[in-house]
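The structures come next, written out as C-alpha cells.
Same chain, two partners: chain A is paired with chain B first, then with chain C.
Take a look at the complex of A and B:
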C-alpha cells in the first residue's frame, strides 16, 4: 500500500506579521517556521496507519517550498515517514491554492497512492481548498475535517467534525484523500533515535517547474492588519498595577464584586 | 449579476446561517437563486427561485451527489457567483465545485471593500484582499461576518434529483457529548486557552473561576490536548455562551472560539500577544503573562 502525506511549513502564529515588498504577503524576515499544525495530525495518522500495516507499506511525505521546508520534511521523517519529496519552489507563497493542488496532483497522478492525508487547512493562508482540490484532480474519494479515522481492507471509516459538537460518520473506498482536523490524535514528538534514523532517509528534490502546468485563479492585491472594530481598553505594565486596574473595572461594572 | 446561494439543512432544520447568504448577496448586488438539499416542508423565507433536492433521497452529506446536482443547476442558471457558508458543509463542497467548473475560489470572506473580498489569514491576525481572476467564482463566507437577512415570502420550488454513484457513504450522525456543565446558563465564565502552557496550570484558571463564583471554560487546543473535558469547550464545535462576564486567559481568539463567546456582555482578555485577534472582541485586553496575572487577580479578589 502506498501512502502520501502533504505538509506545509508556516510561520509561528505568535509572530508579528508585516507586509513584504510586494505588499500581498508577509515579510519572512525574523519569522520562525514550523510544521503547519493541522499537518502534524495528518502525519501522525499516516504514521499510525503505516505502523499498523507494517512491511509492504510505504509512506511518503511531500512539501513544496524553498530550502527551509527541508526542516519540516525532516520532522515528518523523524515522526515515521519512510521517504520524502521536496518540490523546490522559492515563489510558493505567490501561488494560489489551485496551483498548489495542481502541482501535488501532477506529482501524484502516476504514483498509485492508495491514501493521501493532508491538514484541513494551513494556519497562514487558511483556504481549506488544497486537499479537496487534489482529490478532485486525482478523482479520489474525499472527506474533510476528520477527527476519527480507521482503515480496514480498502475502506476508510472517518468521523467528520460538524458544528455544534456532532460528528458525521463517513466511509470511503480507496483511493481516497482525507483532510485532518485538530484533535484527530496526539501527534508524537520525534525521539532522538528517530531523528538520527531520519537522517538516512531519502529526500528527493524536484524542481517545481516539472509539475507547474496551471495559471493562478485568484489575485491577492493587499496584505494588511484588520481594522480594529472595538474601542476596547488595552492595559499593560506592572502586574500588581494591572490587577488593581482590572479589579477596579470589574467593580465599576458591578459585575462580580461588591 | 446573478448569484446562486447554497443553503444548509441538517437533521430536519434549515440552518440559520443560510440567511447570512442573503446579507452577503445584498452587498454583492444583482439577482439571487437558491440551491438547497433539504426538505419541501421546511422552506426558507425567500421569494425567489429555489432548486430543491430532497435530503431524504440525496443525503444530508453526500458531496459527490450534491456536486452533481449543483453543477446541473449552474448549467441552467449560468450564475456569476456561487456562494457557500464557510462551514463543514461549505468548505467541503465548494472546492469540488470550483475544480469541476475550473473557476476561482475565494474562501472565508469577511467583508467586501471596493469590490475586493477581504479574507483572514495568519490565524485571523491579518487580512488579505483577494479578487477572482476568472469571470465566474465560487465564494465561501465566514459565519457571522454578514448580517442575516430574511427576504420573506415563499420560494418558487424547482425539484431536482439524481442517483448517487460515488464511493463515499454517509453512515449517520454521532451526537455531541453530554453537557454535564451547562455553560450556557453561567453568568461568569473563565476560559483557558493554549497560553496557559500546560495541564497543571488549569487549576490556576479554575481558581479564578471559583473565586468569582463562575464556571471554567476552555478553547479548542486545550480540549484537544486533554487538559479540560470537551463539554467545557466554548466555540463552534462546543458550547455557545452569553455570560455577563467572560474572561479569556491565553486565548488567541480564533473565529471558531469567538463565535461561541461574542454574545458575552463584557469580555476581559489576558494575552501576552497584543496582536491576538481576541483583542478585537475584548472590552479590556490585558497584555500580560497569564500565569503571572491570573494568580495575582485571584488573590486580590479573595482579599
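Take a look at the complex of A and C:
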C-alpha cells in the first residue's frame, strides 16, 4: 500500500507580519517557520496507519518550497514517514492553490498512491482548496475536515465536521484523499532517536519546473494588515443601570435585539 | 563562518521546544513548590531521548552530538532549571565518563539503562572537605579479593536521591593526593549506601542534592572506571564536558527570564505608556540580550569543539563562567523590570532568579573557571 502526506511549512503564527516589497505577500525575513498545524494531524494519522499496516506499506511525505522546507520534511520523517519528496520552488508563495494542487497531482498521478492525507487548510493562506483539488485532478474520492479515521481493506471510514457542531460519517473507497482537522489526533513529538534515524531517510529533490503544467487562476492584488479595532467602551454604574446601557447599545449597534 | 544551526539541529530545537512548552512549562512552578520533578515527567523526557542525546545508538543513546545535547539542556532550562540539571548531570557526569573511560563490557552493561532513564546517573566527587580541590578526596577504597571496599561520605550530589548509577571518586591513600585517586561505577542500590539527607535549597528545588555515607560499600573490581590511580583524570575530564551542560542550563534560565521580562515590559504601563518605551528599560533589555547572545556563542562553540574532537578546556570554562554570570545578571534585571511583581512567587522570574545562582557555583565555581582560563593563557 502506498501512502502520501502533503505538508506545508508556514510561519509561526505568533510572528508579526508585514507586507513584502511586492505588496502581495508577507515579508519572510526574520520569521520562524514550522509545520502547518493541520498537516501535523495529517502526518500523525498517516504514520498511525503506516504502523498499523506494517511492512509492505510505504509512507511518503511531500512538500513544496525553498530549501528551508526541508526542516519540515525532516520533522515528518522523524515522526515516522519512510521517505520524502522535496519539490524545490523558491517562489511557492506566488502560486495559487490551483497551481499547487496541479503540481502535487502531476507528481502523484503515476505513483499509484492508495491514500493521500493533507491538512484541512494552511494557517497562512487558509484557502482550504489544495487537498480537494488534488483529489479532483487525480479522480480520487475525497472528504474534508475529518476528526475521526479508520481503514479496513480498501475502505476508509471518516468522521467529519459539519456546520453547527454536527458530525457526519463518510465512507470512501480507495484511492482516496482526506483533509485533516483539529481534534483528529494528538501529533507525536519527534523523539531524539527518531530525529537521528530521519537523517538516514531519503529525501528526493525535484525542480518544480518538472511538474509545472498550469497558469495561476487567482491573483493576489493586495496584502495588508487588518483594520485596527476601535477602542472598547467601559460601562459604569449599578447593575440595573448597566443592563439598560447594554440593551441600548445592542439595540442601536447590533441585530441581536431587533 | 556560518552562525546558523544546521537544519537537523533546527528540527531538534523545534521538537524539544514543543515538548517543553506543553509538558514542562505548565508544571515548572509546581516542580519548584513540591521540591520534586514528577516521575511521569522523567519518564516522558526519557521517552524523548533527552537522557541519552549524544551517546551512540549501539548503547541505547540517540546518537546525536554535543551541540544537540546543549540545545536540549538549554530549551528545557528555559522553562525549568531543575529538569535541565537533571539531564545535564545525568548525561555529562555519569553516562559521559562511562562512555569516555569505560571498557566495552562496562559500556554495554551500564549505558543502556542510563540512556533509557531506567537508572538516573550522578557523579560522586564533592565531599564535606573536598569540592573544587578533587585531590583532597577523603573517601577511601581498599582492595579485598575481587572487590573494592569503599568508606567515606559525599555531599551535594545532584541526582543522588534517585539511587541510580553513580561515578564515585575515592582515594587509595590520601597522602598521594590526586595520584591516589580512582573512579568507580557504583550501583547506589547496593548495601552500604546510605542517604544522609536531600538538601533544602534556595533554587533548582526540583533537583535532588544529596549527601551520602558509604560504609563498607563493596564494588566489584570490574567496576573500576579507567586505570587505578587515574581517577583524577576521569574527574577533570568529566567536569570539563559537564561545564558545557551547566553553561547550557544557565543560558536557558537566562533566556527564559528574558522572554518573560520582554513580554512584561510591553504589557506593563506606567505614566500612560508601556515601560518598554522608557530608555531605562530598553538599555536593560539590550544588555541582557547581548550577554545571552555571547553566552550562546561560547556555549555552542565549546560543544562544536568537543564534537570535532578538538581541545575545548578553555572554551568550556569560559562558557560555563560567562553563561552562569549572564544567568544571574539577566534574572536579576528581569526581576527589576517586573518591579514588585517580580519579587512575588506567582511570577516565574522569582524562581528563575533563585535557580540561576547555583550555576556560578557548581561544576567548578567561577573562581575555579578563572583559574583554568588564566592558567591556559599563561602556560
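As a convention for this text, the second predicted complex is superposed on the first by the 230 of 258 C-alpha atoms of A that agree within 3 Å, B and C clash if a C-alpha of one lies under 4 Å from a C-alpha of the other, contacts with A are read in each partner's own complex, and residues count from 1 in each chain.
Assume contacts are C-beta pairs under 8 Å (C-beta built on N, C-alpha and C of every residue); 3 or more make two chains touch, one makes a residue touch a chain.
Just so we're clear, the structure is a prediction, and the values are computed from it rather than from any experiment.
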Partner chain in contact with A:95 - chain B first, chain C second, else both or neither: neither
Contacts of A:50 with chain B and chain C, given as first, second, both or neither: neither
Greater residue coverage of chain A in the superposed arrangement, chain B or chain C: B
Touched partner set for A:191, first chain B, second chain C, both or neither: second
Chain B versus chain C as contact partner of A:137, first or second or both or neither: first
Contacts of A:86 with chain B and chain C, given as first, second, both or neither: neither
Chain B versus chain C as contact partner of A:216, first or second or both or neither: first
Partner chain in contact with A:8 - chain B first, chain C second, else both or neither: neither
Chain C - residues contacting chain A, complex: 7-8, 10-12, 14-15, 18-19, 47-50, 52-53, 57, 61-64, 68, 72
For the chain B and chain A complex, residues of the former touching the latter: 10, 61, 63-64, 86-88, 91-92, 94-96, 98-100, 103-108, 116, 119-134, 166-177, 188, 212-213, 220-221, 223-226, 230, 233, 236-238, 244-245, 252, 265-266, 268, 273-275, 277, 279-288, 292-293, 296-297, 300-301
Chain A residues touching chain B - in the complex, by the definition given at the top: 11, 13-14, 16-17, 24, 26, 97-98, 101, 120-121, 123-129, 132-133, 136-137, 141-145, 157, 159-173, 176, 182-183, 186, 215-226, 228-230, 232-236, 239-240, 242-244, 246-247, 249-250, 253, 255-257
Chain C-touching residues of chain A, taken from the complex the two chains share: 34, 68, 70-71, 74-75, 78, 189-196, 198-199
